[in-house]
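Next up is a structure, given as structure tokens.
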Amino acid sequence: MAAPVLMASDVSKRFGPVLALRGVDFHVEPGEVHALLGINGAGKSTFIKILSGIIQKDGGRITVAGAEVTFRTPEDAIRAGIATVQQHPELVPDMSGLDNIFLGRESASRGLFSRIDQRGLERRAEALLARFPVALDLWQEVGRMSAVEREAVAILQAIAGEHTRVLILDEPTSTLTEVEREDLFALMGLLKAQGIAIIYITHQLEEVFAIADSFSVFRGGTCVARMTVAEAKAGDVSLANLMLGEAIGDIFPPRAETPPGAAVLEVEDFCLEGDFRGISLTARKGEILGIFGLVGSGCDEFAKAVFGVTPPDRGTLRLHGQPVSLRSPRQALDAGVFLVPGDRRTEGLVLSRPALFNVPLANLGRAAAGRWGLKRRRMQGDARELTGQVALHPPSLTTPASGFSGGNQQKIVLAKGLYSQADVYIFVEPTVGVDIGARAKIYALMRQLSREAAVIVISSDCDEVHGVADRTLALHKGRQIEPAVGTFSRDALLMAGIMGEVTQ
Amino acid sequence: MSGLQDMARQSARGLGFLALVALVGGALALAEPRFLSAASLNGIARHMAANGLAALGLTFVVIVRKFDLSISGVAAFTAMSMGAVIAAGAPLWLAVAAGIAIGAVIGLISGTAISRFGLPDIVTTIAVGSICAGLAFLYTGGRSIFQNFFQVGITDLNDARLLGLGVSLWILLAVYAVAWFVMHRTRTGMAFYATGENQVAAHFSGIATRRYIALAYVMCAICTVLAVLLILAESGNAETNKGANLMMPAYAGVFLGAAILGGTSVLATLGGILLITMLLDGFSLMGVPYYYSDGVISLILLAGVLAFSDTARGYLAGLVAVRALRRARSGGKA
Amino acid sequence: MDRRHSKGRRLARLTTNLWLVAALVLMTAAIASQKPQLLDPGNVVAVLKSFSIMVMMVLGLTWVIAAGKIDVSFMQVAALSNMLCAWGLSQGWGWWGAIGAGLCAGLAVGLLNGWLVAVMRLPALIVTISTAGLCASLAAALGKGTVIRIAAPGPLASLLEPQFGGAVPLIVLPVLALAGAAWFVQERLTMGRYIYAMAQNEAAIRSVGVPVVGLTLLLFVFSGLCASLAGVILAENLASGQPMIGGPYLINGLTVVLLGGMMVHVGKPNILGTLTATLFIGVLFSGAALLGLPDYQRQIIQGALLLSGLVVATLAARHHGERRKGG
């Protein structure tokens, strides 16, 4: 075993009355890809912020290559050789990849009045590319790059300046397609070969076995386990159990007991140039229809087409057998279609406002008394009841939505959906950024909803779709893929979504 | 629990505001005893009516997170338009209707350009305001219009009284009451606020956000027309510089009110405009020259937004924390 | 960046870069064919003089807007400096003292704007609206609401005299030199790159350690200084301090900056574009006056020009965005 390049012992951090980290012991070795796992609130993002110098630890020791360090600013961390790539890296879209990589370091002397040596920058970029041969046109504007290319630019930016020993990647794959993910893993391999240790934060447990050499699990503000992937495989360790601290069994609710009822939503031959084509499906009351598709498969666009955000070029939509044309979210909501959007922070919630404001927002007609007034008391009562039903925690109607965790924000969106009393509920990526405890509750609510309405779950998480849905299909490059006979098995669904093949 | 805290915080801010009004009023009354005379109070009510209407219009625009810098230009053009209609011998209601119609069209143009075609709000409204200011010269080449003003009865809006209060104040109170009800007690108001705070989420909630943004500009222009109407009633003629002094108090009223009362709202604007008008009238009563008025308002506006800004509050909290820490340390030593 | 541009692209770039220059030449020719007086030395001197003053006024504003901020106080800063200069002369400070005082006023207001926006994080529009009101008020107060006359010509007088055969006022040269220096800063130094990056993603340059607060402060100070210099030159040019001189410059300034942003770096205000647009508007107005258009019609034309410029820029940006989505 090599000497650890980064070692933390007994690190603690307190926010007011809350002990966010207590006695964390952690280490990574050179050239090691180390996954950092834990549900939201386990303390991993606090720990990462301490490692990258954004916040300061209250107690404990951190050593880099054997020497003790104290980070007061992000620059301190960078100087010690710890580079961090944030979950959503900040880049300038109109500038080339090259100019982004060397942003702030255009010349030897820093500051506002240094001469930019463009030739020198190009030479440095070529040297960088020689060290890490990634297939990337650095002369292209970042705004025209794909997600993985932007991620690569961000990584090169992080490691270009100083001698980087440790690279921290915060959920880099959350916006990548399956193919792009492979490209990123290849780049990580290059970095690893140079002896750089990579700390890799992810919610995707299967990635741990695909790319990591070892992993640490955080729970309740401390590191509860550290082992190599080989050990975990040999011991048949359940990562989910480690993260939750108890055997969780199945987080998915039981499947529908009764056969599905009447068709509520019928989509026929939906097409949208460049996004999807020829999609036909039926959603029935009493069942959950699952659609598995990777980023870029047209899933999100399809959901938005049904919801009237970007109406399709052609195709027909029937609700309860009646053809309807939904050209805006307003019309969709009036017709009884509700979308739980994939990006809840920008599309789902007014974050500055509490649940009391957000819950009735999609169905203000229900809260209205006559043409003008509002039944405020009843609105409040309804909001209290619905947030209770989704088990919002903390159960506050007046705390701004921004003050809740990802899972509880999603619960507010769900309460908003319940308030709108729709006949069709479409969920897009319902559990991104939601910890495993809240996930189980959200799945249970979907099942409950399906008794009264048609429910469609659209996700790039194959296990989620397979686990929660009664019937599944896949989208691949805008094309719909259904099983030849019967239903998809988990592996067949995965193959259909990734390769576009029916393997039955 | 936190609902109660919220209410407590709200009422604390309200009480703080009333105390501020009493303090400012008391100080002005001490400095100039005539401040509390009937004539002075009447003047405050009148000026508050005009300023308050313009500020209310701006409130709608600020709630949807935009700016409108065309207020002065719109005021000039609609003042001259109404003057021209009156001078042509038409009845007052027709002049007002014409003014409101022209204002609404201008507001619709700016609003549509900004919401539908995505033009930047600040520069667009500056351009529209400039065009309007130019158009104000169309009727007379810039000369004052006063024909028929007396006969048509527009001055009654300034002079007549109802239950002991000036008509203009009643107009202000009526418009504010309607605006308060719409913005804070109806779904329309919720839609306005949702549009301002997260346009995408509002759109996904079935709210016609572009329509609300355009509507905000229309409301702003119509309120400006009403404010100008009161100014015409007070002066008895129409000139191209009427309403040039509406913009600063409107901005000061909206942002000062929001700073003190914790957010942009109809009542906050009313409070802000009350403070601003008191100060302006008090100073002019004390003989402070007219050209200081913009400076005074600007200073108050700056001081207000600065004192209540998050950054300042952060500094203040930091200061308090440092003091507490020092006290704790020195206590520990002793 | 440059080495990958083929010849065809270079040509396309040249046309997008210089269309406003072509429009300027065409317009000048068109007006001159109707009113040859446009090219009389006397008229050329007048146009170039107001060109120089206008460029001074908006040089700093160009970068403020390029950085995604706004400054609507520049014209009142000029008015304040203008009045302070005239008032200082009437107090017997002498020309250099008066000029110094004028520039100090610009520095002070720029610092105030910059501090409030960069450090206290207040919205730039509210801040600069307020400081504009404050400056206008102070300017008027200095002259008790009226104009202050200046008796003796000062050291800048010779700059405003026509030279070179009577067609070029000397002031053009230092102004162009300053603009050239600014162009160099914008194109070749890190600051120029950070200004444009700031407009697009402030967090990006903050995270790589660019002193964003310092840069913002610097931009507002530079804007204040440029405007106050214009105010001082105006004092010399008009031989008086005019408290109400600021007003019309707001719309003028924004028009030239935004119109100029439609050439060279399309959609981004820049020094060369501002220079061209200023000359364009100057010739247009001079021609309009010669053709007998009253003041208010010119104001309407200018508003319409600004509005149509905005439409073109917005459409161009949208087109750019769509192409990006497609590719």
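All chains are identified by letter, namely A, B and C, in their written order; residue positions are counted from 1 within each chain.
Throughout what follows, a contact is a pair of C-beta atoms (placed from the backbone, for glycine too) under 8 Å apart; a residue touches a chain by one contact, two chains touch by 3 or more.
Everything quoted here is computed from the prediction, not taken from an experiment.
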Completion exercise
In terms of CA centroids, furthest away from chain C sits chain A
Exercise for the section: Considering only C-beta pairs in contact, identify the chain pair with the most of them. Expected result: B-C
Fill in the blank from the handout: Taking each chain's centre as the mean of its CA atoms, chain A sits from chain B at a distance in Å of 44
Completion exercise
Separation of the C-alpha centres, chain B versus chain C, in whole Å, is 31
Handout entry: chain A-chain C separation of Cα centroids, rounded to whole Å
Key = 46
Fill in the blank from the handout: Residue set of chain A touching chain B in the complex reads 307, 309, 328-330, 332-334, 339, 341, 346-353, 357, 360-365, 367-368, 372-374, 376, 396-399, 416
Exercise for the section: Within their complex, state which residues of chain A touch chain C. Expected result: 74-75, 86, 90-96, 98-100, 103-107, 110-116, 118, 122, 139, 143-144, 157, 274
Fill in the blank from the handout: Given the complex, residues on chain B that touch chain A span 1-3, 6, 181-182, 185-188, 190-191, 193-194, 197-198, 200-208
Completion exercise
The chain C residues in contact with chain A across the complex are 1-4, 185, 188-191, 193-194, 196-197, 200-201, 203-211, 214-215, 218, 324, 326-327
Problem - Interface residues, chain B side, partner chain C - complex - result: 67, 69, 113, 117-120, 122-124, 126-131, 133-138, 141-142, 248, 251, 255, 289-299, 301-302, 305-306, 309-312
